[in-house]
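Shared chain: chain A. Partners: chain B in the first complex, chain C in the second.
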Partner chain A sequence: MKGLRFSRSQLCIPYAVFLILFVIAPLVVIVYYAFTNGEGQFTFDNFINFFASTNTLGTLLYSFSLAIVTTLVCLVIAYPTAYILARSNIRKKYVLLLLFILPMWINFTLRITALKEILSLFEGNISSYPFLNSVIGMTYDFLPFMILPLYTSLQKLDNSLLEAASDLGANKLTVFLRVTLPLSVPGIISGVTMVLLPSMTNYVVLDMLYNSTYIMGSLIGSYFSSYDWNNGSMISLILLIIIFIVTLVTNRFSDKDANNRGAIL
Partner chain B sequence: MKKAFNIIWLALILIFIYVPILILAVYSFTDASMVGGNISSFSFENYLNLFKNEELRNMIFGTLVLAFVCAAISTVLATVGAIGTFYSKKLPKTLINTANQVPVVNADIVTGFSICILLIVIMRVGKDTFIPLGIGHVVLTAPFVYLSILPKLKQMDNSLYEAALDLGATPAQALFKVVIPQLIPGILSGFMLAVTLSLDDYFITTYTKPSTFDTISTYVVNATKGSQTESKTALWALSTLIFLVVIAVVIVMNVLASKRGKEKK
Partner chain C sequence: MKIKQISAILAAGCVLGGSLLAFSGCADEREEIVLRVCNWEEYIDLGDWDDDELIEVENIFTDEEGIIGINSMVDDFTEWFNSNHDYKVRVEYSTFGTNEDLYNRLSLGDVYDIVCPSDYMLMKLIAEGNYVEFSDSFWSDDEENYYAQYVSRYIDGAEGSIFYDYDWNKKAACYMWGTLGLVYNPESLVDADDVKSWNMLANPDYKKQVTIKDNVRDAYFAALGMLNSEYILQNDVSLEELSSLMNATDSQTIAKAEDILKNIKENVYSFETDSGKADMVTGKVIANEQWSGDAVYIMDEAESDEENATELWYSVPEECTDIWFDGWIKLKNGVEWSEQRHTAAEAFVNFVSRPDNAVRNMYYIGYTSSIAGDTVLEYMDYNYGAEEDAEDTFEYDLSYFFGDGATITANASEFEFDDEERTVINRGRQLFTQYPPQNVIDRSVVMLDFGDRLAQINQMWINVRCLDIVDISPVTIGIVAAVILVVVAVILIYAFRYRIFAAHKPKKGYFKVA
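Moving on to the complex of A and B:
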């Protein structure tokens, strides 16, 4: 090791090269493929194919509705759960929190298999309720990712602010609506981004629950199967733009600490 | 009254989360061919099949090797990268941090598809070499390792490294004997996170894997489409085993963490 001289900042070079080659370059390639045809000529056809077809626009709409409903259901379930966990004085509440987010570490395809068996038990033929089942499946898959950031931000809440509000005459509902809720917005935003984007793309959940309607992810899947890289790239680019917009909007509010998929480990 | 409501709410959510997994666990110990079907006897057959059936055995082994090898590569790459970036000037730091966020916020399906296009379609790297698959999993996991090391670097006392140099250590010695030991908790949790992310991945794997290779995720998804009862019921056993392993790991990690906490006091 002696004689090896380097400054610490040079250590970033391998990682920087890796990021350029395998993170940035693939995105550049996606943009190139999105605006060329099979022969490599520049074209807007892929773009027009997407926006002129009622099929693909319907897919976009269906993706949005499924994603928004899933996110709302997750929020409605996760907020009270995180609130109770973070604000109550249950002993060992950390262990209880672990119980709620532990499924995060079990392979999601296996969990969806388990859910599918239970749904078939209740519904008989599960393909009769495709939208409902997809919402249930995605909620089942993504709930821990909503609970964790909400818990983190509610946990950090300064108790003296709540006491001050009630001392100044606010009733419990007002304290919640005017103090707790606004202060937990970063957690809500983090949770929403963790659920909203995956539920637009995770078509495996739909496939496994026999929902044959396409979402944005399924389009990429089907273009992949038919070796149509150009149209697949266009869908990827559209998703990238949606993700970019969501990230821009949410970065202003988001809670840096809460935005980590495995923060608890 | 309020407390009772809280407990009932938490219990209901836990039931929603765990009933499917637990019912599958119960059925995994029987000879039933479907959940809710006839149970004529108690049986370990499903568990034995996981080891006897070559296809299943290879698939489980392959998934684990892929996860641990890629997590190890990611951990080395991202640890060195995080140290280097932390001491870099503002511009490279901002650029690397931003590029690092890309796979974190991006949809896995777009990451997978873009790597597939760059490596397989354009550079013609054979899927059978496992190189696209390996790179895909490193791209998925390294940014999360990077993010779990960053806070430890911020907490670190900068003067220790300088002191080591003043006392005659080479930069490499100072790095290995002073800097890295202080980052161990971050490196470990980053590695664990990388393993779980890789084990859970479906999309990057599908778009980059050799056609004869399956991970747990891709195998499960294919199995739900087919009707092979033997492998279907063996997957119940796999799900139960993974559930038990996750519980064991979480317990061990928390016992270790609380021990560390006590030693510090």
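Moving on to the complex of A and C:
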């Protein structure tokens, strides 16, 4: 008897089923709720509510600021780290790399709880610095996601390019600015995407670190808990669209750059 | 012929084998029904106590000495039920985190036979007609109708009880009840009388040292307490007026509450759903808006901390408190089609209401059961009663709950007294928290469902919690804009200077190697 045979497309079926059940179907429900009112009639009111409410816009701004600051801090910390790890000849650098990834093996609520105690030690009363604490918490949470792509892109950087640049008279700074940094842009872009997007909605960190100002995730939750599925869904939908646009833009940059890199090499 | 014989033997074998299987496969051939129970998280005894946790109170309901939770309450119920019915029950026990969570699940089509939401959610479910009344046999004087026998007259919903006006009599069975108040550390107070009022939450003396519940109802109640504080304390306000003041949901009141809550937000350490307990025990905060049951839990934890034992107290603000209860209700779409499930659901309520089981639940979760009866009173005495050689004791009157003449000899040091007449006022320790004195009860109101005012109150809550773009100062906007501009400029200059994103065409005279 012959073994079971699958064509390639048949192998996709489990994923397709998953996709339809848990991604497409909920999305349809969100769109339905977003454009209906409590009685199930079609309406644009929820859409108008979003932009008419100074609270929603303020929350959007707050979420964005928090996410951007977190991303920048992550980038500033992660780039030198990844550079050192990837470019220098430290012995046992895989152990070092492991140390950076290690926190990801521990459940993140546990990590934040520990962080809370550490921050209390430094700050005294941690509720006095909600924004700072949220940034620290998210940085702690997302730093590995920034280090890893940077590390990968810096590691596969061709040494002969750097040597060529030095041979042609470039000093170290010029080599870094004109060769290393441009070539690591894809790593930066994918790191930024991996940190920026989740930190816009990760309200658990804020809750646990006593930031009582809502971000987008908590705002949606508060609508749902007052049985207002419609406005909550509209906010989710708009957030989804914003994330989609951000992804689209960053993808353009990284793709184009990848092509350029191909042209150089 | 041969084939016929074989098939006959086979058929006989099938019949015989089939019936044998039926017998051997399950020794107990009774029909099994499923009872779907949905209760609050951590709201029932899960068993597995240590031997030294045995509660040394006479137990007239089982053969055991004293009361101890060995198996979980649900398992014990299954065993108890199956031993005296001609069918079996299997309990599917699930939990919810908030009343709204439960309601959302119900409206999404989850089916439960019996659930245990809070008072206002019960009223909402009753108003929507999604319930079945408890049957007449539930109220008869049958020996196993533990709820009907032992529930406190004070709280059973019938005429003369505190909840009589709210129309859930016979529709729901009260499980746990309590008040809303402030847990606090008396040693850290600037003035001992600060905890007398809800104003404590906005008191700048305790800036970033008090927490409030992250829950619109409890926060709104505290805000109304502050709003009406002066009026209530300076006038002789009747209970009816108190109730209407504390349940006001007109736009003007909501707007005032919003201002108060914005002020509270600046003053409190956190809006908490669960972290307040730990912060209170570890001493990060001085006071904590809390439900009485969790308050007992916090006090027990704080004093059992071996290195740093603290004696915490509970205060019911003098303005008013929300007296609340969680109760069992049979849901229509769950039990409707099955008489057996009706019976099982009612048996479940009766089982958790059996006084020894009520004590087990009280011990395990810290909340106060609706069940009165001598066993519960003895348990309170066992837990909090004064030792025989104690110096300063007094008779703590609990007749409102346990019936005429019910008192506990308690340590006077665990209560705050009115100096002249030595009546307990608004503060005390565990016994006070579990059963507040009559004068506290007399100024308690039931917080009703917001009904169609919910949307506006929730909008108020969002206004409190969200950053309003109008409130941001121009300076902040200027700084943020400047920083963003600089960062963008640096990136752009860099990108153009080194032509990172430009296509790299070979210079004239050169060509690209493929």
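Heads up, the rule we're going with is that the second predicted complex is superposed on the first by the 241 of 265 C-alpha atoms of A that agree within 3 Å, B and C clash if a C-alpha of one lies under 4 Å from a C-alpha of the other, contacts with A are read in each partner's own complex, and residues count from 1 in each chain.
Just so we're on the same page, contacts are C-beta pairs under 8 Å (C-beta built on N, C-alpha and C of every residue); 3 or more make two chains touch, one makes a residue touch a chain.
Keep in mind it's a predicted model, so treat the numbers as computed, not measured.
Student: In the superposed arrangement, which partner chain does A:F224 touch: chain B (first), chain C (second), both, or neither?
Tutor: both
Student: Of the two partner chains, chain B (first) and chain C (second), which one does A:A52 touch, if any: first, second, both, or neither?
Tutor: Touch partners of A:A52: none, neither chain B nor chain C.
Student: Which holds for A:I30: it touches chain B only (first), chain C only (second), both, or neither?
Tutor: Only chain B; A:I30 stays clear of chain C.
Student: State whether A:L61 touches chain B only (first), chain C only (second), both chains, or neither.
Tutor: After superposition on chain A, A:L61 lies in contact with chain C alone.
Student: According to the stated criteria, A:Y214 is in contact with first (chain B), second (chain C), both, or neither; which is it?
Tutor: second
Student: Considering only the touch criterion stated at the top, classify A:I84 as touching first (chain B), second (chain C), both, or neither.
Tutor: In the superposition, A:I84 contacts chain B only.
Student: For A:I245, using the defined touch cut-off, is the partner it touches chain B, chain C, both, or neither? Pick first, second, both or neither.
Tutor: A:I245 contacts neither chain B nor chain C.
Student: Which partner does A:L161 contact after superposing on A: first (chain B), second (chain C), both, neither?
Tutor: The answer is neither, since A:L161 touches no partner chain.
Student: Is A:T109 touching the first partner chain B, the second partner chain C, both, or neither of them?
Tutor: Once the two structures are laid over each other on A, A:T109 reaches chain B alone.
Student: On chain A, which partner touches more residues: chain B or chain C?
Tutor: Larger number of chain A residues touched: B.
Student: Between chain B and chain C, which residues of chain A are contacted by each of them?
Tutor: 120, 207-208, 224, 260
Student: Would you pull the chain A residues touching chain C in the complex into a rising list?
Tutor: Residues of chain A touching chain C: 54-59, 61-62, 65, 72, 120, 125, 127-128, 177-178, 182, 185, 207-208, 210, 212-214, 218-219, 222-228, 253, 256-257, 260, 263-264.
Student: If we count contacts the way the header does, which residues on chain C are in touch with chain A in the complex?
Tutor: 98, 100-101, 103-104, 107, 208-209, 214, 216, 265, 268-273, 275, 284, 454-455, 458, 461-463, 465-472, 480, 487, 494, 498, 500-501, 503-504, 512
Student: If we count contacts the way the header does, which residues on chain A are in touch with chain B in the complex?
Tutor: 1-16, 18-20, 22-27, 29-30, 33, 77, 80-81, 84-85, 88, 95-96, 98-100, 102-111, 113-118, 120-121, 140, 143, 193, 197-198, 200-202, 204, 207-208, 217, 220-221, 224, 229, 232-233, 236, 239-240, 243, 247, 260-262, 265
Student: Residue numbers of chain B touching chain A in their complex, please.
Tutor: 3, 6, 9-10, 13-14, 16-17, 19-21, 23-24, 27, 34-36, 77-78, 80-85, 87-89, 92, 95-96, 99-100, 102-103, 105-111, 113-118, 121-122, 135, 138-139, 142, 144, 146-148, 161, 170-173, 175-176, 189, 192-193, 196-197, 199-200, 202-203, 206-207, 216-217, 220-221, 224-225, 235-236, 238-239, 242-243, 246-247, 249-250, 253-254
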